[in-house]
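Take this structure first; my questions come after.
Every chain is named by a letter (A, B and C) in the order it is written, and numbering of its residues begins at 1.
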């Protein structure tokens, strides 16, 4: 925004919101919203505690394992669907269905089969992340120029070489875009999974803070969570822009 | 963190049925196999054949996994269908849907109206963008489900809370898509409007909004999908009502076929619902798509 | 390097519709796109703005159209200073600028509708204008059903039917294939002869400029200035095909090429 001919950066508006939060908190409009300053003070107090650190660790573990599984399964499946008409027709309807389906409804199924533990949360992460990864990998492979494929074959590349040397690299920008979107969905998945299982990680923390009505603690956890999610999303976007740059110069 | 349009979760490949039809047949450009198949191969690779094969394979796999069973909590396909039929026959499923749909529909209508309005305002006005966009960019990336316990404190366990959950889940993507859609209206179109003497009001209503509507609708579809996620989450987390109640209750008495049937029904319903929005968009707002195949 | 023949010098303009006086344009405080442009556009003639890419042709045209503000200087149309778009000017866009959700007739009537004309009347006028550019029968089609050439005809019909004194075209044929382009150029000549309108035409093709123009304004780049004004002395009354073999046509093309060459690196 430009005011009096000076450019005011977008972050400044976040500052404005923070001030607004502080004022509402100080005025004690609602007990639900403690002032930002006291939440920030609380941050230094509870973040180093063992329970918070372990919640963070447990969440990070489920999140990372889930994403690794989703990428390890999703990318090859997407490439396969992009390459083979039959695989595409067999899987595409289901991938599309799960992409927009209310996946929270499936979490109880995972819960009754795998119990109330990390496995369920990891599978929830996979469930949230994988579909968009598959679709974007598929889109990436489909957008590869046929001449590139013909070039590989004319130089005698076999199937495995064609896969590792051509498809994976040529489709990289789209694959990365899919992974970024998948990771953002996974953040939501891991929290939803923990809320539903409610005895693991942040789910347990929220339950604890909620039942004791510790609003400052609650907001602290939210603040940390939202900040981490935002930083993750922005850094992935940054990475993707770098690759897009390489892709643009690739021609 | 200004505007990165590509950072939005704009709809990827869309929904199977409609897109498959409009794409115009199987052989498209790209790396797809391009051989000429024989008659038998053609039958086996025909889209309809394969769709049936794919659905049948899934049902069979489900049936097999249920008979083994891979888990005591995994009913067979036929048991699930029987439970579904029973719930349809005694009307309990309809009653449950009537309850689930209340917060969902209210929440979606509110998010759609408010979200499109805010997003369009942000697209048209730099000050609105400056003020609101950081909030929605953060909200888009953040796990907003974590706010649910807070909402329950504030508004109790009734309809208001559940509606709010639907709203906070659905709104960010609707806002950001509407914003990006308006902001990326082709400059030459707005210049065309100005040069033919359209006042600002007309440029907005006759050029910017129609040009933005495909992406706005993509946002609405994504918002609906998130809204469904929120509605089910609210029912599972806040108080079991409607479909969530069937899921929770049948789970507690280990009536797994009913539980699976309820889950299946809500998933199918959401997919049909979102497909219906897409059709409504084409019928109401896209004359050029209706005009010719 | 001397030009092989002297260019026909421009005569002073007696009756000008558009007058540009000491125009400067500076983008974002730093990029000087136009510097001290003074030029007249004679009534009822076709004037081309010709120059290498980036010399400010589009900028000049948009300032005349009132779509961009000038940094200094002024533009007068029929004696009145321009401060924004006006009914006496119509624009044909390089990328056609058709509304994809609207049928051909709706696209063409847009300008008339914005002037508050009743539906029946504006459709009547639009139909005539559509027929005028050879698209009769396509009134209810949508832009995506038309070829590039046909789309540009829709853009032309839209500009013609508002009955402006000045029609401005920014590289209107650059997105059209070569065969259609030549056909368009011929049709444009007929149009200029029949309609009592002033045309301002932007192009970066020397042949196109010499073929269609009564008057060519050569712009030099960085910053955009007027290098030369040329009036090719070609008789356009006869066969439109014959122009391309006319010795003056060929000489003028050569001369402009020699003149522009100095600006290329």
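Just so it is clear, a contact is a pair of C-beta atoms (placed from the backbone, for glycine too) under 8 Å apart; a residue touches a chain by one contact, two chains touch by 3 or more.
Source: prediction; values computed, not measured.
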* **Overall pattern in which the protein chains touch one another (line/ring/star/complete/other)** => line
* Asked: Farthest from chain A in C-alpha centre terms, which chain would that be?
  -> C
* **chain A and chain B, separation of their C-alpha mean positions in angstrom** => 18
* Structure fact -> Expressed in whole Å, how far the mean CA point of chain A lies from that of chain C is 51
* Can you give the whole-Å distance between the Cα centres of chain B and chain C? -> 47
* Residue numbers in chain C touching 2 or more other chains? -> none
* Asked: When you check chain B against every other chain, which residues touch at least two of them?
  -> none
* What part of chain C is in contact with chain B in the complex they form? -> 62, 65-67, 84-87, 89-91, 93-95, 97, 99-103, 110-111, 114-115, 140-145, 158, 162
* Asked: Can you name the residues of chain A that touch chain B in the complex?
  -> 1-2, 8, 10-11, 13-14, 16-17, 30, 32, 82-86, 88-94, 96-97, 99-109, 111-113, 132, 135-136, 138-139, 141-144, 146, 149, 167, 177-178, 181, 184, 187-188, 190-192, 195-196, 202, 206-207, 210, 213, 218, 221-222, 225-226, 229-230, 232-234, 237, 240-241, 244
* **chain A partner contacts - residues on chain B that touch it in the complex** => 1-2, 4, 6-7, 9, 12-16, 19-20, 26, 28-33, 45, 47, 50-51, 53-55, 57-58, 70-71, 73-74, 126-127, 129-135, 137-138, 140-150, 153-154, 221-222, 225, 228-229, 231-233, 236-237, 243, 247-248, 251, 256, 259-260, 263, 266-267, 270-271, 274
* Structure fact -> chain B residues touching chain C in their complex are 186, 188-189, 191-199, 202, 206-207, 210-211, 213, 285-288, 291-292
